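Chain lettering (A, B, C and D) follows the sequence in which the chains are written, and residue indices restart at 1 in each chain.
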Amino acid sequence: MSVLAGKELRIVGFLCNWCSYGGADTAGTARAVQPTDLRIIRVPCSGRVNPLFVLKALINGADGVLVSGCHPRDCHYSAGNYYARRRLELLKEFLPVIGINPDRFEYTWVSASEGQRWKDVVTNFTNRIHALGPAPRWEDVPARYDRPEELIESIRPLGCGEHPALPELKQAIKDALAEGLEGVLGWKNGFDAVHAEPVLMTTPEEVDSLIWGPFNVHNLAVYLPKYKGRKIGVVVKGCDSKGVVELLAENLISREEVKIFGMGCNGTVSLPRILAKLPEGAKIESCVGRGNKLTITAGGQEYEMTMAEVAQDKCRLCTKPNAVVSDVFVGNPTTEPEAPADGRLPGLRFLDALSLEERMGYWKGQMERCIACHACRGACPMCVCRDHCVSDTRDPAWVTQEDTVQQKLFFQLIHAQHLAGRCTGCTECERACPMDIPVFALKQQFGRMIQKIFSYGAGLDVNATPPLLTYQVEEPTIKEHDLA
Amino acid sequence: MNITRLDKAKDLKFKHQVEEESGQNLSTCYQCGKCTAGCPGAQVYDRQVSQIMHAVQMGLKDEALKNRSLWLCLSCSTCSARCPNNIDVAAVMETLRMMARREGLVQDRPIESFWKAFLDTVHVTGRSYELGVMADYMGRTLRGWGNLEIAPMALRKNKMPFIPSVIHGREEVARIFKRYAEKRS
Amino acid sequence: MKIGVFVCHCGSNIEATVDTATVAKIALTYPDVVFAEDTMYTCSEPGQENIVQAIKKHGLDGVVVASCSPRMHEPTFRRTVERAGLNRYMFEMANIREHVSWIGRDREANTNKAAELVRLAVEKLRRNTPLYAKQFDVTKRVLVIGGGVAGIQAALDAADSGIGVVMVERESTIGGKMAKLDKTFPTIDCSSCVLAPKMVDVAQNPNITLYAHSEVESISGFVGNFTVKIRKRATYVDWDKCTGCGTCTEKCPTKNVPDAFNEDISNCRAINIPFPQAIPKKATINPDYCRKIKEGKCGVCAKVCPTGAIVYDMVDEIVEEKVGAIIAATGYDLVDWTVYKEYGGGAYPDVITSLQYERMMSASGPTGGHIHRPSDGMEPKNIVFIQCVGSRDCSIGRPYCSGFCCMYTAKQAIMTKDHLPDSEAFVFYMDIRAPGKMYDEFTRRAQEEYGVEYIRGRVSAIQPTVRPDGKVGYIVRGADTLLGAPVEVDADMVVLAVGVEGSKGAGNLAEKLRISYDHFGFFMESHVKLRPVETNTAGVYLAGVCQGPKDIPASVAQGSAAAAKVMALFSKPKLENDPQVSVVDIKRCVACGKCIQVCPYQAIEEVEIRGQKKAHVIETVCQGCGVCTATCPQGAIQVAHFTDNQLLAEVNALCLS
Amino acid sequence: MKYAYYPGCSGHGTSVEYEASTRAVCNALNMDLVEIEDWNCCGSTPAHSVSHELSGALAARNLMQAAKTGADCVISPCPSCSSNLKMARYRMQKPAFKAKVDELLDAPTPANADGGADLMETYSVLQAIVENVGVENVASRVTYPLEGIKVVTYYGCLLSRPAHVAKFDDPENPVSLDNIMKALGAEVLPFALKTECCGAAMGIPDVNIPGSLSGRILDTAKAVGAEAVVTACPLCHMNLDLRQRQAARISKKSFFGLPVFYYTQLIALAFGLPKNAMRLDKLAVNPYPLLDKIAERRKARVSAELEAMKAAGAAS
């Protein structure tokens, strides 16, 4: 629908029925004149406002979005606004990473008696949006095709030699199978020397095929929910174990049904980085790892490379190389380094250095390449929806089949929002992407803001509740956004 | 007393001007009279503060500006401190005073002259000088003789030096006055 | 789907700044809209009939009315469409009055905005489905919070109709502010003579359970089924044993306790019964003063109590009650007038509040009804009454009129003349507000018959001075705005007609009740004109000054009204829920349990359907907040009529293209 | 703490005793005063009654001079001066007003980040003593307490008004002077006319105005039993002291005979500072009978204490 050209901007408001909608009525009854830009959508409670509605509006061209609910302690439904406060605060902190000025979104509290306050809120917010001007359109922003290439230095020694405790691990798994475990998830060699593939080991022979080393990239936690109700084991690296913890914390798998095998991890590799060092199309014949050096024979030629050159980004900053939770841990644990001062992976570092408009251009460029294969989703151990993903249904119709940058980005935002407070940072989404799109940056933006606001990291404590599924009556780290 | 034709006399521009210059919203005055009740000058006023406020509300410019009260106001701000509607009444009075001077409607020449005398002294010497102000004022107005009553005591206590203090930067101060005069004209 | 749109003029309320005919014309271009017209008063009888006819004639499946706030007329129009045979939930409203015509002056912008709001309503309606209410049981008991005259009236009316009543009173006796008054206007009736019998009725009515000296600790549940926890504050006296004989009070050696019932103008003992007609007539120990409790010494009351009722180590007790409705009747407190430093800020002994003056004039008060000023016991000759202290004063954040001060000031001035015929009464007022039966006549009588001097103007300051005879006098400096001059009175005593605000702790209680309240501690009614007794929380009603300043007759009327609302609520064997509740799509649910985790009402449970775990909504417990819908990642749980698809359609209607 | 000191014009004329006692007391309280070089008149009431810009410019020149001292803030004993300097700084926070004032000055005032004038804060000496030195520190320096003489404190209009600019004490019932007087050992009587206007400079054009207003203040003070009035303002002091006889005549009362002190004089007295730190000789209403009374009471108290000590010694 057309906005009165030049006069109005498109401002969408979500108001709870009981307090703020009533406050707007009170303002009307008092004939409190306000700017005309705002369009109010009535919702039962601010807690009903899924942050994705706000993102939807902003991605689709709204110039400003305002959410208003009952004051804290005053919610008609007791607690809806407490959930809203956490989710919307986080959303506001998230927006800049996709190039949206966080001032375009605001949330506040107005009670049904506060007509004057409502007038002030509308007036001030509308003035703010007019001062910002019309939101930049995706069509108008120039796409960027540059991308993070930074090779960050590792905070710990990385290695690719044979793990001395592997036979011990195999024996432990065989014992467990003998004791009645249905199977154990692990890795075996794939179609060539640098590709591993997941395996469900059920016989001693299959256990003998188990490998442990830099090519065990897959996070096997992703398969666990599928086996819910069956007794099964899983071999985990440190990062994988965080996924297991988070699944346990959310009751998506049960502790009694899963046996966890761990060994100290010395890092895994990024296959694109290895392939980039080999001639295109060269057949890989063998690979030998010693210390921190890999020797790959491809097309009859030997190539040497160090872990410092080819390790995955997440391994370089890993502080949990040993399983956070395990039933059987064999061998010596790897030394755990101090947390790095800067935990950002290259994707976020690159984005942080850009202006808001450049970030929009960046995502436009990345999303133009997205083929919507949803491999990112498939690799994610925390995606609970599986076959019920909202991107595969019209009911509800969050995304359409249109092949636009906005639609594809919105899918990524849905995924990131669903993972907010739950993502353990395994970066499997990014690894799985056939187009090599750095989608993990969206999750890491949520992650660091959750750390900032709630001092919470996912995947460390099976008794923890993800911060967006709970609340505190007083939120000391969230300051009120007073528009009045 | 004349009958005021409210429809004709109402000068809304005047009201808005007072509101603009004083920064006060006069529509909020509901004529409770608390300003008048506490005004130390009320006993000598020819029109009470609350009445002046009402005159401004009604846009009655003459009633608001042509009175001695503006000049007898002591600027003590008691009215402002106690106004139930948070109106800075003293600021309104000061605004009206300035407007009256601009419009040539000064109703109390003696006080105006006293101020002139005071400021002239500052203009010349950079500081105020009581004896000088007094002499200047009495010379201009042939009034103020009541003060002679306290002069002997003041002189006995050596509280009125015969020599004004003059500052080095008096020219600088004079330039302030000069620019002010130029700007006004 | 066939949708009809009706755009209301609301007389000129909307039409003046919105071109309703154009809005209707634009509405016809929206998907599924087959009929649209503008009407004068849609809510009127012919207006509603017009909708019914249109539904029949055009075979409409749903209706949009663009008019006032749905908080006003949504129930009205739902009944209308139901009359025409549609499901009542196949209806949506666009609020083009409160949100458009009344707040914007630009007709073009308003018309465009109104059309867009109609578009939103149409998009929502297209995705509505018929909904049917479920029935649930109701606990036919009512909680009355506050035992002042409004609460007493509500309790008695409800109890008389056979409803069980739980009354909670913060003080150790019911009676509220009215029990403190000497006389009432405009009849000069004795206040306690009118009230005391009603208080006795409360005590004797078998349907009423009274918790005095108690407060509401917490409230959970919803209309029909509230669970209330009540904190019975320790009285240190076993009330089952106490006979109210008063021996303890007589013998208690601690005599310096400020007497709250007498507004602190006199002292009482550490163990006390507030006044002779107290209900319940039971003693209470004030632990801040009791020597036994503070220092472990004394114990006189325990020694003299003939029934052994004293329990020094009593602690608070929490009791639980189940009720189906709640009436809040928590009354008021006086505004803190000590902020007026120009009136002495509480430092001048002979400047007192009107409520203190009531106690002074009351025959059962500390002076036995004799008027003596506090400082030196002198019988005052000049008494000044100052009105609007703490009312109509933006500078202290109390801009409203407290409503009944003009009347009681006239009463007090008349009573003063009755008590002290030689005295002079001066009343400083701004406006005399006396709308009510025989009210204005009453204030006229004060002036015409009793010679009370009314001076129109506020008082700037009260300045104590010492008169030549050594006695303290109070120079009251006011203005007579009719005279256009400052005036002064040398007063012996000054009575301040202090304004009222919601009673202390009202905000806290409102939060427990989940109702709105304003800056002044008054509870917010559902509609200021048409639903003054209801709140926006179903099953919670208001009575008396807790809703806004009002005098005794109005408080009593609202008490009865609240009781009548409860009776109407309880008149049905079962209550019907609002069917706009959450529904689980079991095909999409993966039983991750997040909805169960966030539901504020424990309305979602895990069930097994054909061997698979799924979430299930208990429809009569769900209140329809939609937090679950905003939480479910698969969108498997949708709150009816606020579904993801409906809100997305609204967002898309506004933001796409 | 270092203060840029602005004495005000009356310090050289009608209020030399205020000036002398202020400097002496500040010195005794270790307040480092640096007089602003070549300061000019702040313009007082006439300037702001004529033009806010003119008043602002006169004040701004002083505040710019003050910046040269390197002090933390400006202090002035005179409430009118400190109020004017405060008000100028307050108004000049608005860039538009600053620009208008700058047009009158030789050089524009420095700007702060928000575009307003970057000028020093001004306080009354009283505020600096109460808030920076502290009443308890004043009390600890007292060597000759005032022996319970009954005083009323008179603040005048401008010490705490207008409240949003003054930001000091209570505009209706200020207590800072009361606290100092109690610290000195005086009895402070309740006094409702603490902030009632004395008539200010209206005496020059019309002596009846301060005559009747001051008459009322003095009459009430006398009625409540005061032995002296304590002030902090040169203009108030002139109206209450120098014009006391005139006030009695105009308000048709007999002469009050109430000594009127600057609070600094009484501090100096209680600190035991030398005579030239008080300049009591400058007061119009004879203060000496009251000082004699203090001395007598002190003598009686000290000898009673000695007796008590002796008795205690004998007993042990």
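We take it that a residue touches a chain if its C-beta (ideal position, glycine included) is under 8 Å from a C-beta of that chain, and two chains touch if they have at least 3 such contacts.
In this text the structure is predicted, and so the values were computed from the model without any measurement.
Set side by side, the interfaces B-D and C-D show unequal numbers of C-beta pairs in contact, with more at B-D. Centre-to-centre, using mean CA coordinates, chain B is 24 Å away from chain D.
Centroid to centroid, with C-alpha atoms defining each point, chain A and chain B lie 69 Å apart. Rounded to whole angstrom, the centroid-to-centroid distance between chain C and chain D, based on C-alpha atoms, equals 51 Å.
The multi-chain contact residues of chain B, meaning those touching 2 or more other chains, are 43, 78, 82. Those residues of chain C in touch with two or more other chains are numbered 342, 461. Shared interface positions of chain D, i.e. residues touching 2 or more other chains, are given as 171-172, 196. Under the stated contact rule, the graph of chain-to-chain touches falls outside the line, ring, star and complete shapes. A list of each chain pair in contact follows: A-C, B-C, B-D, C-D.
Those residues of chain D whose C-beta lies close enough to touch chain C in the complex are 170-173, 190, 192-193, 196, 220, 223-225. Interface residues of chain C, counted against chain A in their complex, comprise 69-72, 95, 97-100, 102-106, 108-110, 112-113, 116-117, 119-120, 510-511, 514, 516-519, 524, 528, 536-537, 580, 585, 587-590, 592-594, 597-598, 600-601, 623-627, 629-631, 633-636, 638-639, 642-645, 647-648, 650-657. Residues of chain A that touch chain C in their complex: 1-2, 4, 7-8, 10, 12, 17-19, 21-22, 24-25, 27-29, 31-36, 39-45, 47-50, 53, 56-57, 60-62, 70, 73-80, 83, 87, 111-114, 119, 250-252, 384-386, 388-390, 393, 395-398, 418, 465, 468-470. Across the complex, chain B meets chain D through its residues 40-41, 43-44, 72, 74-78, 80-82, 88, 90, 94, 97-98, 101, 108, 110-111, 113-116, 118-119, 121-122, 126-131, 133-134, 137, 141, 143-144, 146-147, 149-150, 153-154, 157-161, 165, 167-170, 172-173, 175-177, 179-180, 183. Within the complex formed with chain C, the residues of chain B that make contact are 28, 30-39, 42-43, 47-48, 50-51, 78, 82-86.
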